[in-house]
Structure formats: structure tokens, C-alpha cells
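Chains: A, B, C, D and E, in written order; residue numbering restarts at 1 for each.
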Amino acid sequence: MGTDFLLIMKSEVSLTLIVFFLLFLKIWDGVKSNITLLNIVNIILFFNLLFGLFFNTEGMLFNGMFYTNNTLFLEKSILNLGTFIISLQAFDWLKDHKHLLEFYILLLCTLLGMDFMISSDNFLMFYLGLELSTIPLAALCNYDLQKVRSSESAVKMILSSAFASCILLFGISFLYGTTGTLDFKEMAPLLTANKLQLFAFILTFTGFAFKLSAVPFHLWTADVYEGAPTSVTAYLSVISKSSIVFIFITVLFRLFHNYDATWHNMLYLTILLTIIIGNLFAIRQDNIKRFLAFSSITQVGYILLGISSGTAIGASAAIFFLIVYTFSNLGAFGVVSLVSEKTGKENISDYKGFYTNNKFASWVMAICLFSLAGIPPTAGFFGKMFLVTAGAAQEHYLLISIAVMNMVVSLFYYLRVIKAIFIDENEKPIAKLTGSASLRIALVICITGAITMGFASGLFEYINTLTGK
Amino acid sequence: MNDIGLFHFLFLSCALFFIGIYGFLTRRNLITMLMSVELILNSININFVAFNKFLFPDKLDGLFFTLFIITIAAAEAAVAIAIIINLYRNYNTIDVEEVNSMKY
Amino acid sequence: MNASTIIFYILAATIISGALLAVTSRKIFRSAVFLLFSLIGIAGLYFFIDYEFIAAVQIIVYVGGIIVLIIFSVFLTHGSGEDMKRPTIGRAAFAALAAIFGGVLTMFLISQHTFFPSGKTGIEPSPENIGSQMLSTTEHGYILPFEVVSMLLLAAMIGCIVIAIKIKVPPHKILPETDEDGIEIFDQKQTTLENKQIQL
Amino acid sequence: MLSTSLIVLIPLLPVLSFILIALVGRRYFPSSCGILGTISLSVSFLLAVTVAYDYLFLVAKVGDTYQQIIPLKINWLQFSPNVSIDMGILLDPISVMMIVIVTLISLMVHFYSLGYMKGEERYATYYSFLGLFTFSMLGLVLSSNIFQMYIFWELVGVSSYLLIGFYFDKPSAIAAAKKAFIVTRFADLGFLVGILVLSFYAGTLDFQNLITKLTTPTDQLHSIVTTSFLGCSALTWGLVLVFIGGAGKSAMFPLHIWLPDAMEGPTPVSALIHAATMVVAGVFLVARLFPIYAISCPPALEVVAWVGAASSIIAAIIACTQTDIKRVLAYSTMSQIGYMMFSLGVSSYGGENGLGYMASMFHLFTHAMFKALLFLGAGAVIHYVHSNEMKDMGGLRKLMPITHITFLVACLAISGIPPFSGFFSKEEILHAAYHSNKAIFGIAILTAAITAFYMFRLYFNIFWNKEYHKHNNEHDAHGEGPGTMLIPLIILGMISVFAGFIPFGKLVTSDGKILVTSFDMTFSIVPVLLATLGIIIAWSFYKRESLAPQRLTNSISGFYKSAYNKFYIDEAYLFITKKIIFNLIGRPAAWIDRNIVDAFMNLLATITGNISFLIRKLQSGKLQLYTAYFFVGVISFVLIFIYWWT
Amino acid sequence: MINLSVLLIIPLITALVVLLCSNPIQVRATALTGAIIQLTYSSLILYDFISQRAIGNTAQMLYESHHSWFSSLNIEYYVGVDGISIAMIMLTAVVVLTGILISWNVTKLTKEFFFLILLLSVGAYGFFISLDLFAMFFFLEVAVIPKFLLIGIWGSGKKEYSAMKLALMLMGGSALVLIGLLCLYFNTDTGGGTHTFNLISIAHMHIPIEAQQFIFPLMFVGFGVFTAIFPFHTWAPDGHSSAPTAASMFLAGISMKLGGYGCLRAATYLMPEAAHIYSPWIIGLSTIAIIYGAFATLMQTDLKYINAYSSVSHCGFVLFGIGMLTKTALTGAVMQMVSHGLMTALFFAAIGMIYERTHTRQIAQLGGLLKTIPFIITVFVLAGLCSLGLPGLSGFVAEMTIFMGAWQNPDNFYRIATVLACASIVVTAVYILRAVGSSVMGPIKNEAYRNFGDATWNEKLASITLIICIMAIGIAPFWLNNLVSPDTQLIMENIARSVGK
């Protein structure tokens, strides 16, 4: 064990250390200024992000409870990056918040949970990671303590995810019962086409689908996203979702590869429903967070499309897309959080004439939305193209056609926002908003990422070499 | 207890599971919904324990899983109740049907 | 029909009836008590198959912890005395149908399946064994989940505290308000901010 | 000494003048533009005469046959190894004749306009357009390639459009210009398709090759003649379509409707374009392709003949009823061109039988002279009277003696009274018609009589009849225009008198060989007598104001009315365009576009929106319903993927 | 040495510099400088290309440059040009330059306006030089969204609706293209089960005929939407009419050409057998577009609508030429693209200039403008004349080439279609003359019209540039023909080879 142990688990170890450090800060209560605290935390998170990039050591620990490789390190870095950006964006929101440190403790605990979850090779660890990343998140949803919607969203989050975990656990229990093991590696060859196992697999799958908010298991998403504090929504829609996608890929590819015919079909149906329903709902939303929720549901459809290929390219496309998605979605959420923090306005109609006074923020929003819509030259285009290309390898052209045509529908609602911002006239547009420096940094990171990531072919190739292994 | 086998347990847990689901879908009080969740989790525990006992007694995987589920159930219940209480403060009700300010 | 069978059925009856009553009773307090019975029945079931440790945990955690928590929260939310509202007939029928259908389907699937026991000799689920495995890092060691779950408990605890704690001070955020004072405060804030931050 | 550069200069000088005036002249020396144009045209004319002289008498005759000479050919647009549009110059008797006519008439018009258009606001623009037209027309007649001809054909059309619409604030002028362009455009469609047909079978666009390919009896030609489409052979189709193009430009019935309206343009323009040059382009076109018509496809030639004949008689009848002097002249032009057309139509290729061809060209030449003269004369009258209507005129012979004399000469010439030029050319035509088609001959001779009648009706109405009443603000004692207007009249009058003596049979024949024309006095008696009769009737009716014409018109009022209304052809066209094309095609097309095609796209959007609205209840905000859907989803997935979709 | 990537870099840098500018004057100056440099460079490429060809360089694509981009999917940055692309590049350079000149006086958000225009041009250049289908698609879509913003922000009339419709329909088209592209990709085989987007290598592969039958319509219709193929043309009238002048010029001048070029390069060239099979359909649809567009134009009363519908008709010719599958017709189609691009840009420029002064585009409200703003009206009339196919201007040459080529197709159906298409030139004459006649000529309808100033220097420069180009093609079409026809010849050979098999 020794240093190897530390290096293999470096992300988790460092996160744990940070959590305890924050706990210590909280108990010590020596730093009174929120701003100082925030700066400290942001710096720590930045170093955590940097640290995540180096000294990568692949390995397996605790008899398969935990393993890691370069792909996972990359995935963890994506999560770290997203968390860092969100932390920067949350600056304005948190600088007056009473429970600042608790926020970070909870947040980093969920991140830790996600790290464990994606590193797990075992259903027990997977389940623990999942719950660790869910339960504190529900508490975070309630973080605007005085806001009705915040508690409503938290209630919906925790109860529906409890229900979903029950379904998932029910499935896991049968998987355990029919194979006698919880270990992915041991279980995989034991999965045969008998109906109870298939049943268990389907229950597990729906559990994942719930977490991914794939239709028809998505209904909690919009309400939770709308009610939660903007930064938490961003976290939910980007980090939480990414981590589930990562583990979902692992589970499908590593564990359930015997069922690939079934899960192709399941994904087929899910993708169709997800993309179509997500779009249909998104086109008539007015609350921008709710709108982004539905748009993120649609995005999940595309991610699943890439995954449905069942190939390494599909996995890399999904991971690549998630990087792009992190930048783009967080950029959009950054602007939303700026606006809602300063003015309390969250409706698309409030954004009319936004461009008159807030040029930079408008462009950030526009670029990020274009990236989400998959419009070149933003990175989203590449992300989506690769997903669709990977998905097309299955030669389900009907599915591909519907997916691609739905990109047009989704363009419509992204353009609605763009239209409100740039085109629509407004007598009283939102005044000039000044965000904190850290928010500005976050936005700059986001648009830089949203523009340049697509051209960074090296990254995609790198992911591809990792997943190809 | 020769004739009390795995299937008895499984059927029992299965019944409990769906009773829990029924409760979750019908109870209008958030706390009772939470209680239904506990029922469901318990049914799953029975499953794990039964599988461990009857099929795979060589390892204690099922048992440990149950232990962790119980722990998590406790944690989940705690957080859920905290949230419910907070909700109650804001809404002055814990009727799930009335908690629908966000929709469509 | 021997004794153990009878015991099992009694336990099963307790569990099922407790559960059924818990999800149908219109008094929330009673509901909690029925749940308690059901959970105790389950603990009995664990005793029945000689998993004493887990049975003990079940009683301690559920009976001593969760049920108490629930009852506590029932008091906190002032809902104990009144009858709870009935679910609408449609909802109840639908839920019942779905649950029964799901249950039958699952049971059907289970009964169709042939389980393959490993046939190996078992490990005694004694507290010693459990304890040593729990803290072991080798094969079948559960130290990592143990640590993770401790983190989870920590997080849950902090979460509970943050959320449930009664806040006496006004909202953490000063939102623009309609009255003149509010605006004044807001404006002051804005100006001080602007000094420090570069405009977006 | 046919220097290529000199030949090229003939069309280039006008276009240079056009460019110079349009770009620079209009702004910096507007009043000198006329001089500039006239000078360039004079040079052009001199060159044309030189070239004609060289060609006809020095260079082109090999043996006894005039050769076609192509001094210049530039590959302009290559379609395939064989098929290309070349910009070239083709000299043969008819093109040489045409350049002389065009440059001469154009020069006259330029000169005349110096006086006529003086003081006009857009004087410079006018001259630039004249330059453009002359260039296009010269390009047309010199074309060595059928597509090149089409190109200049279109350019001529546009210049004509510009010149007709010269008075652009007059709605009638705009309408007339538009009409002229569109009608000829429609006809050009036939020309274009005809070119496509011919070139496809001939595999070339070059006149020389085209004619060779389509007249040499080979298997290929055989296949064209036998490939039939809707009952006619491909070649017939091609030639008829090409003829439609020609008919459009030459205002043949029923595509003539634009010509009378085109008189809205300045009168010198009418003289140039709508009397002497552009309108004979159709005749020129048929003449250019004559070997093909005559040798390979007599049926098409038959069509030409009958259309020509019909046009000539119809136009003549209408001309009798018109009161606008320019319109009378316009119909007479149409009638005379009909003459040329059927003359070509009754001709055949080579030797004695090519008489009609020769006659047609001869008539083209003489007609150009006297018709230009007539228009210029009419222009002078209009210039003085400020009206186009006969009723405003009368008794002008004393006020405008020179105009009077020259006009009379022209009238005599057009009526075919010996020894004026018209007599000779008409005589040949009648001769040719007589020998090949008696029916057409009958029409022709009748037309000749009517021609004489209406020309003299015009003449008497302008210069005799009632006394001219001066208007209050009349300033001149005599009505003659400035010298620049008179000199062209005199020159053209001279030519009209003497042009009949040019030995056309030696110069312009269908096969380039000399055609000895016999002059048969006895044959000439009948037509001349008929023409004289026409004159006498006109004299008796219109010499003085009398009621005789009125009585006559009353007695045949129905016929008169329909002739006066141009046999309602305009109305028929109007019906087709306004009612059928606009209302039954255009409007529905626009409507369909908005309400079906576009609405379909909008409908898609609406449907999507509606579905979205309908399913909004799914997201009811109620947690238990969400869970219920979730649970139903799980069960359906289980059912679907375990039992159905495996 | 020529490097095609410079074509992308120049406008990109210009766009970035524009963003850094602080006042409108700098913005304009920068944009103009960039456009001029770009035009110069394009001309340099043209010159070099012609001289290369003259010295016998018969390589299919010149100035090729490969860079591996996403090697796991065999996506390359692969550029190269042949005569067709060069013609389109020149067109783009000219239209961009004139568009910038015409929009000299944009006062609302000047910086953004020029930025978007330059971004759009990057898309167009990229599209025309790409030889990799992925990159081509990339650039195709780059060119869409700026249009949305251009129309939405600076447009007039029901601009939101038009902008949205345009963006969605074009994206719908590109979605079809994308589906086709993916199917095509998975039907290629470079050996070892890998696939390729490389246009040239796909052209030398045999795509299974069944796949072609499926893919070709997708690609063709998809690109066709950009070219306003019937019945997916309805974005064009609304889009054109609502767009600001420069955007209209771009839209009709360049954007519609993206579609035509795509139909030719990506659909017809790569799937010759399917092109052969679907040729009657293409002809049918495009003939409908030609005739129907022309007749629909007849009834329009708004100058921009007139030109927009006539663009539908004229772009129908492009598809018509492509569908005919003869070398001459293909050449004609390319020429028509260039010609229509220039002509319609000129037309829109003229309409824009008129609108800027009169604030109306209804022909009924205009009249007698020839007296007050002769220069602009001359430009307008010239554009009209070019549109109706006056010899000496580019429209004639292109249309005639198409007709000549079309007639080479010895089949009665094609013949009839050709005659119908020819007939449209008459209708064209009718509506053009109607527009010109009633808006330009006649008495002055509104006394306010007397006070207009004629064109300013920038407007003059723009118009004259376009007119020179139009006349250069119209008077000396051989250079364009010689530039283009060897490459259409090559495409035809590809078709002939495949169909012959």
C-alpha cells in the first residue's frame, strides 16, 4: 500500500482532507469574513483540480471495492473542474450566506461520493457512492432556507431519489441473489438471459435512468432544478449528471455487456422518448432554470445516443461531450446565477433586451447556448457530432434521423432565449450587472472552453486512447 | 424450518415492497411517504439477508449490504425529515398534493 | 406444518399486516406505530434465520432511531391529531392495481427462476466475524464502505443541522425590496461592490 | 482589302460612343453628345460602305458565286468540343447589305435627331441608347454564329425597350416598352428552343456548319427529319420555333401587337428600329437560315409564307382604320414585312427559283429607305403639330414643302408606283408569289392596293384635306424643322426614288450566284393599276374634307369597328395575360406559396407547440404522480423488454 | 506559395480585430481592409490557379493540405480547391466586400454587425475549400446562425419570425445533410473497417447502390433547402425581405450557393448512380421551383419579395443544371451560382439603397425615382436586366449554358422540362419589367422623393464592383467557363464511369 495507496486514491483522499479542513475551519471559527473563506476555498479547489491532473497511478484497492485508471482520473478531473467553476460562480450567492462552510462540506462530500461511485467495481461501493452523492445534495437543494421553492425542490429530490434507489436496490438484490456476488468483474460472466436477471437488470437500468433524468423517469428534474439555488442546479445538472453518465458507461460496458442487445433496445426507446419529450417541454418554458433543466434532459438523450453505440468511440464521445457540456452549461448557469442573484429575475421574458446593458454576459449566454444547441464553431457542435456519429454506427437510421431532426427543434428554444436577449425590445431592460471577479473568471473559463474545446482534437484523441484500452 | 425456504422470504419481501410502493403512491403526508420508503428498504433488506442465508452463506455480502442500507436509511430519513420540517416552516403544510408550486 | 413454519407465518402476518395498516391508517401516529410493529416483525425474521447481529441492528436503528425520529417529526409538524386526508379513489385504485400487478409479476418471475446456491459452508454471522470483516482491508474487507458511510453520516448530520436549525435572523440575502429603505440599502451595497469589482 | 480591324470598327464605333456618352458624356458634355454619336456613326457608315464595296466588287466573288467570308471568330463560350458560341463576323451579301442599311439609317436618324431631340432633358442618354442599338443591330447582322445572333437579338430587344420607354414618365410609354419587350421575349423563347433543337442535331452553332450539316443529305439529317414529335419532324419544329422568334421581332401576326404601341418612343427611334432595321431582323433571320428552310424543310417555309401573307393583309386592313399617323405607319411596316416574309416563304433555294429570296431582300432594302423616310417625315410633322392624330393635321403642304415632297415620294414608293424603288422590289415579290402560290399572290396583290389606299389616306390627311389652323402660341411661319432634320429627308428621298435601279439580282441571291431577273411589263400592269386605284379612292375620299369615308365606314360598321380595334387581338392577349396568367397561375401560385407550402411549415411548428401544450400535464408538480409515472415506466420497461422486444 | 487556410485566417483575424475596435469608424475601416485583403488574396489564388492549369497542372485539387484532426474518426482538416471552388471563393470575396461597403452606415451595434458578417464569410470560405465532409458540414452550419442574428437584430418587418424560420429551416436542411453524411460515412470503407469523410477518396470508392438511393435524397434535399428547393423554399422570401441589406446580399449571394455547391460536390459527385436515378425527380422539382417561383414573383408587390422569389426561381436553375447531369449543364449550374450570387447581391444592394431613402419597398408607392436618384436606379435596372437574362450580363451566359447543357439530354421529359424552364425567362421579363416599370419610371409619386441624394461613395463603389464582375462574366464568359468546365468534366466522368459500370 503506502504511497501507491495514496496516489491511487488521491482524489478521494484530497477531498476528504479538504472536507476535514473545512470542518476544522468551521469549528475553529477563526475566519469571520465570508469573502476570505470563499477565496481560501476557491484556491483549495483550484489546487485540488491541479492535483487531480498529476501523479495519476492506476490501480485497484480493497479487493475491487475501488479501482482507478486514467479514464477515471480524467473523469474525476472533469468533476473537479466543474465543481471549481461552480464554486467560483457561487461567490456572489455565498458571500452573505450564513452556512458557507457547511455548503462546501456538503458539496465536497457529494463530490467525494461521486468519485467513489465512478471508481467502484462493486455494487456496494456504487450504492454508497450514489447515496453519498445524493443525500447531501438534497440538503443543498434546500439551501435557500427561506425560499418555498427551495424546500419543495429538496423534498421532491430526496423522496423521489429515495424511491428510485429503492427500485435500484431491488434490482441489485436480485442480481446478488442470482449471481452470489456484488463484484462487477465476478458478476459479469454470470449474467445470462434468464428472466429474473433481466428483470433485475431492467430495474437497475431504470434506477440509472432516473438519475440521468431520462424520460419517462425524468419528471423530478425540472421541479428540482427550478427550485434549487442556481449554483446547486448547475451542480445537479452538470456534475451530478456527468458522474452518473460515467458510472453508467462503466456499468453497461463492463457489467452488462452480456445484455447489450437488450440495452441497445432500451436505450433506443429511452433516447427517443428523452429527446422528443425533453424538447417538447423545453419549447414552452419560461423560467430559465426550468428551461435549462429540460434542455439538459434532451442533452442526456444525445449522450445516451453515443453510449448506445456500445463502442469505445461512443464512450469517448460521451466523455468528450460532457467536458463540453460542463463548460457550456455552467457558462449559461453562471449568467443565470448572476441575474437571479442580482435581480431575482429568472424568466426568459425578463431577459428581453439583456444585451443593451450586459454585453459580455449576453455573449457568454449566447455562446454557451449555441454550444448546447450544437452550433459550430462552438465545442457543442463537435460534442454532438461525435455522439451522433458514434450512435450512427449502430445503423439505426430512424433513431439518428429523429435525433438529428430534434436538434432543429432544440435550436428553436435556444434561439428563443437568444432572441429575448439580443433581438427583443424592452423598455426597462435589466440594468448593468456587476458580478464578482471570481464569477467573471468562471465565465471566461466557460466561454474559452465552449469555444476552444471542439478544436482541441488532442483531447478527444486522448480520451479515445483511454477508452479504447 | 426445512420447508420455510428462500421463496417464502422472497414472496414476503416482494409483498412488503409493493405495499410500500402502494403507500408511497397514496399517502398524502410526506412523513408517511417516508415511512413507506422505510418499508421498501426493509423489504430489500429481507431479500439480501435471505439470499445470503439460503444461497451464499460463504460470504457475508448480503448481510453487509443490509447493514449499510440500514445506515443509509437512517441518514436519508434524517435528512428527509429535516427537509420536511423546513418545508413545513415555509409552507405550513406537509401535504404532498399541495407542494406543487412548480409545474408544467 | 411445524413450529418454525408457524413462527414464520406469524412473523409474516405481523409484517404484512403492520405494513398494510401503516400505509392505510388515517392517523399518522397510529401509522407510525404499525410501522414499528412491522419493523419489529422483520427483526424477528432475522432472528428466525439466526442473523442475530442484523436483527439487533434493525431494532436499534429502526426502533430506536428512525421511528423515534419520525414520531418526533410528527409532533413537530403538528399533524398527529387530525385524520390525514384520504387519497382520491382513482389514485388509490391505480396505486393498488399497479402495486398488485407489479407484485404478481415479480413473484411470477421469482417463482420461474431456479436459484443456484453456492453450496459452500457458511461463515457464522457472528458479531466478531462481522466486526473483523468490517474493518478488514483484505479480501471481503469492508473498511472502505465503512469509511464512506461514515462520511455520509457526517454529511447527513451537517445537512440536517443546516436545514433544520431554526433561523432567527432575517434572510441571509438582502433582496431589493419595495420600500424606500430597502432600496437604499441595496443601492449602498451596489456602490460598495462596484468599487471592488470590475464590471461585467 | 477587307481589313478585319476595319470591319470590327463598324459595330464597335457605336458602342464606344455609347460607353463614352453613358459614362462620361452625360455628365460632362451633354450637349455635344449628339455630335459625337453622329460622327462615330458617320465613320461607321463610311466603313460599312467601304466594306460593302470591297466585298461585293473586289474580294468575295469566286467564280460567279459570292463566298461567305469570316474574317474574325473568337471563341466566346465553349460548350463542348464542337458546340461553342463564337463571336465572329460573317460577311455575305445579305449581311453586307444589312450593315449598309443599318449604318445608313442610323446615321440619318442620328443626324435627324440633332434637331428633333434638341433641348430634350435626356438628350445625351438618347444618343447613348442609339449607339447601343446600332451596335446591337450591327452585331446581329454580322453574326457568324446562331447563338451570337441570339445574343444581339436580345440586346436589340433591350435597346428597343429603352428607347420605347425613353419618355419614362409617360405611363403609356412604359407600358408600350414593357409590352414590346415581353412579346418579343416570348417569341425569343421560340427562337431559343429552336436554336437548342437545331444545334443539338447539327452539333454546332456556327451558321456555316449548321447550314452545311442540315442541308447535306446524310443519315443524320435523315434521322432528324424522321424524328417526329407531336406530328412534326424535329427539324420542322426547330425551324418553326426559330421562325417564331423571327416573327416576334418582325411583328408578324399574331405577335405583332407590340409594334403599334412601340410608337410611343421618339419618332426617329421608330424610324430606325421599328421601321427599317430591328423589325426586319426576323426576315433577316429566315434569310440567314434560308438554305435549311428551303432545302430540308419546305413545310416550315410554307408556314413562313402563310404567316407573312396573313400579316400583310391584316395589317393593311387595320392600317386603313387608324387615325394615329405613326400607328398607320406601324401597321404598314408590319404589312410590308409580311411581304418580305411570304416572299421568302414562296421562294426556294438556288437559281431561278430563288427569286423570292432576292425579291425579299430587295424589298427589305427599299422598304428600309422609304419607311425610314416616312417616319422621319411623320416625325417632322409631329414635331410641328405636337400631335399624332390625323384630325389635328391637314393642309400642311404649304407649311412644310420639303417634308411634303419627300413624304409623297415615299408614299409613291411604298405604293409600288413606277419608277420609285418600291415598285421594283414589290414587282419581284409578286412575280415570285405568282409563280409558286396563287393564293398568296392574290393576297399580295390585294394588299398592294390597300397599301396604296391607306398610304395616300395618310398623305392626304396630313398635307391636304382641311386647312391647318395655327395654334395661338405658334411661332414659326413655316413648319419645317431645322436643317439637320431636312437633310436626312432629302437624302432618303433620293434613295427612295433611285434605289429601284440597283441590280439586286447580281448582288444578293439565295445561293450567291447571279440571278437574272426578267422584267415583265405585262405582269406589272395589274398591280400598278390596283395601286393607282387605291390612290384614286384615297384622293376622292380625303383630298378634301368629305363625308364619303364616314358613309363607307357606316356601311361596313361591324368590320370597320373590329378593324379599328385591331381585330381585338390586344384584348385577347390582355385576357390571356391578365385573366389567365395573372389570375389563374400567378395569383394561385402566390397564394399556394403563402397558404399551403409556407403554412405547412408553420403548421409543423404549431403542431409541435400544441403537442407540447397538451402533454404539459405530465409535469403536474405532484410528487406522487411523478413517482407513479416512474413506477409505470418501470413496469412497462419490464414488460416490453422481457416479453416483447427481445 | 498559396495556402488556403489564409482564406479562413484573414476574416477571422479581421473579425477579432473588429471586436477590439472602439468606435464605428475603426470597425468599418478594419472590416473594409480585411475584405480588400481577402479579395486580393482570392484574386491571387485565382491567378495562380489559372497559371497552374495553364502550365499543365492537372491535379484534381490544387493547394491541397491535410491535417489530421480527429484521427479516430478519420476526420481531417483537408482543404483544396478546383475551378468550381475558386469561382465560389471569388464570389464570396466580392459579395463580402460589397456587403461591407453597403452597410457602411449601420449605426446600431456596428461592431457586432461587422463581426457577424465576417463570421458568416468564414463559414462560406471554409465550406468552399473543405474537402472533408465533416469540415464541410462544420462550415455549413457556421454560416447559419450569424444570419439569424443579422436578420433578428438589424432586420425590418416581421424579423423575428423570419429569422427564426430561416434558422430553423436551414438547420433542418443541414440536419438532413447530417443524416445523409453519417449514412455515407458508415458506408465507406478505407480497408480494415474504418470509415472516412474524405471527399476525394469517397468519390473513388463504390458506395453500394442501395445506400446511395437512401443517402442521395437526404443530402440533396438537405443542401437543397439552402438553395430554396421547392417546397422548402419558404424561408427565402421571408428571410430575404426581413434581412438588412448586407444580410440579404449574403443570404442570396452566398448562402444559397452553399446549397448548390453542396448538391454538386457532396451529393452528385459522391453518389453518381443515385444522382442518375433521382435525376428526373430533381428536374421535376427544380422545374417546379423555376416556374412556380417565377409565377409567384409575378404577384409580389414588395421589391425584396420580388427578388427573393425570383431567387427561388433562379436557384431552381442551379439545381436544374445539376440534375441534368451533362457537363455543360453542370458548368452552367456553377456559372449560374456565381452569376446569381453577384446579380442578386447587386439587386439587393440597389433595393437597400432605395429603401434607405424612401423607407418603402412597395412598388406601388415608388415611382419616378429615375429622375431623383439616377445612379441607384441605373444599378437597379441593370440588376433587373441581369436577372432577366440580358446578354452581356452574367445571367444570360449562365442560363444559356444550362439550357444548352439541358438540351443535350435526349429524353422527352428532360426536353419538356427544359422548354418549361426556358419559358420562365419570359415570366422573369414580365415581373422584372413590372417592378422596374412601376417603381422606377413613371411620374414621381411622392414629393419627398425629390430631395434624395444619389448614391454615396461607398454605395457607388459597391455597385460598381458588382457591376464590373457581372459584366466581366457576361462579356467574357470564357474565362469562367474555362475555369469551371474541366472540373465539371471530371464530375461527369465520375458519373459516367459509375453509371456505365
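Quick note on the criterion: a contact is a pair of C-beta atoms (placed from the backbone, for glycine too) under 8 Å apart; a residue touches a chain by one contact, two chains touch by 3 or more.
Given the structure is predicted, the values throughout are model-derived calculations rather than measurements.
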| item | value |
| --- | --- |
| Shortest walk length in steps over touching chains, chain A through to chain C | 1 |
| Touching chain A and also chain B, the following chains | C, D |
| Contact-graph separation of chain B and chain D, given in steps at minimum | 1 |
| Maximum centroid distance from chain C, chain identifier (CA atoms) | D |
| Distance-to-centre winner among chains (Cα means, whole assembly as reference) | E |
| Pair of chains ranked first by number of touching C-beta pairs | B-C |
| Centre-of-Cα separation between chain D and chain A, whole angstrom | 77 |
| Chain centre separation in whole Å, for chain E relative to chain C (CA means) | 65 |
| Chain centre separation in whole Å, for chain E relative to chain A (CA means) | 42 |
| Gap in Å, rounded to a whole number, between the CA centres of chain C and chain B | 6 |
| Touching two or more other chains - residues of chain C | 91, 94-95, 98, 102, 106, 109-110, 115-116, 118, 140, 142, 145, 149, 152, 156, 159-160, 163 |
| Sequence positions of chain D contacting 2 or more other chains | 605, 616, 619, 621, 623-624, 627-628, 631-632, 634, 638, 642 |
| Shared-contact residues (touching 2 or more other chains) in chain E | 168 |
| Chains touching one another, given as label pairs in label order | A-B, A-C, A-D, A-E, B-C, B-D, C-D, D-E |
| Chain B partner contacts - residues on chain D that touch it in the complex | 616-617, 619-624, 627-628, 631 |
| Of all residues in chain B, those that touch chain D in their complex | 21, 24-26, 28, 33, 96-97, 99-104 |
| Contacting residues of chain A [partner chain C, same complex] | 1, 16, 19, 61-63, 65-66, 93, 96-99, 102, 105-106, 109-110, 112-113, 116, 124-125, 128-129, 131-132, 135-136, 138-140, 142-143, 145-146, 154, 177-178, 180, 194-196, 199, 338, 343-344, 358, 360-361, 432-437, 439-440, 443 |
| Complex interface listing, chain A residues touching chain E | 313, 316, 370, 375-377, 381-382, 385-386, 388-389, 392-393, 395, 397, 400-401, 404-405, 407-408, 411-412, 415, 418-419, 422-424, 457, 460-461, 464, 468 |
| Residue ranges of chain D in contact with chain E within the complex | 75-80, 83, 85, 147, 150-152, 154-155, 158, 161, 165, 168-169, 171, 174-175, 177-178, 181-182, 185-186, 189, 192-193, 196-197, 199-200, 229, 581-582, 585-587, 589-590, 593, 597-598, 600-601, 605 |
